[in-house]
């Protein structure tokens, strides 16, 4: 299996390709700085400008959140939870940082188009 | 295996028992009403007044969110994500209701004390 | 959510009900005795005399294996892995017993008919 | 996060490195040919000549089996299931092939050393 890596869609010409890349890519939303030993929330959202179908035979089945190579959390979402309509899946996970930096990245899995990896989000821990 | 069902801790006398029940129980937080076909967030939090350890040999390994008997979402969280300290695990899942009512309940699994079920939260969908 | 408990189908009259109960129930297959500290395989099979569909909107999404209240392993199987035909899902997990007895039970989750629990299989560990 | 790809350990000089690569790598065992529409079992085993610890803070938390980019099955195994001793995790998944070929690969996740990908096993479907 291969990992599809996120590409900034402003560098892509064709509209269909922009849509294809964006709707499959997980995006990470969180504070730029976190406090050491304090719980923070990290959001993983699949699709930023475009939305992915939630059809029974074509949906986002899971997302994973990593700090470097360490799995922080994984969510499995069966088809239908997003109403069988085009939506951006969102999951927030609680995280307590204990090191100086978090290097967050996420994976999303589409049942038709495989595994997609986000860019890396570095969080300073103070 | 058995499912431990949530008990209102105000009905429990002993402090240790209150703590034990509360810190293992998943609680659901969401809007009382949701809009049909519109994405809403539902939070599952483990522990309301007390916190559970996040030790390697004793932690909350997963939570599940159901609408009636239908699984909406599941999260797996390995030990250490909450900093190996006592914390309330929190996960938010996006949900799009398509029926008149949601009957939400949640499960939490502790690696030492098994599976715990929340009470039911009924959401009116308008 | 409720847990549907396995019922011996020889006690059920109607054929449709026999089929319904059997095809959703997880069954455990393993040695009656296991050796302490030695790896053994435990099979969880969904359905014994009947088979469950593997349709995109109706399939067995996951199975879990417990020893008492302790989760030994969980498998998630998306629709289509069983060829979109009626089949009995089978998963084998490796287990190393360290106590005198295993009290094995399993859960299966059907995306239309919820969670089903097996009977208990007691394994003597020598 | 990065994916560590399997390397044939006969090409590695240092014993410690052979052990490190082998004990983290998932290996696929199945028939070379499968029958279309007929259920077959595919084994994912982590480690071939070496074994991985099953310590609470260091264990193989999950394995995934793919056909090309399609997830066939995933197993989560908490620490302790392998008796907290060095073992090769084994999971068998039932699979019904419907195409001319399966291109099987597997991922394994170690809580300390990240994600590891197997080589590809091509199965002819007749």
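So that you can tell them apart, the chains are marked A, B, C and D in the order they are listed, and the count of residues begins at 1 in each.
In the analysis below, a contact is a pair of C-beta atoms (placed from the backbone, for glycine too) under 8 Å apart; a residue touches a chain by one contact, two chains touch by 3 or more.
Because the structure is a prediction, the values reported are computed rather than measured.
The chains that touch both subunit A and subunit C are B, D.
Should one ask which of C-D and A-D has more C-beta pairs in contact, the pair is C-D. Subunit A and subunit D have Cα centroids lying 24 Å from one another.
Each chain gets one centre point, the mean of its Cα atoms, and the points for subunit B and subunit D are 32 Å apart.
Looking at subunit D, residues 61, 70-71, 76, 78, 80, 111 sit in touch with two or more other chains. Within the complex formed with subunit D, the subunit B residues making contact are 56-57, 61, 76, 78-80, 111.
Residue ranges on subunit C touching subunit D, taken from their complex, read 37, 39, 41, 43, 54, 70-78, 80-85, 87-98. Considering their complex, residues 1-3, 61, 66, 68-71, 105, 107, 109, 111-115, 117 of subunit D touch subunit A.
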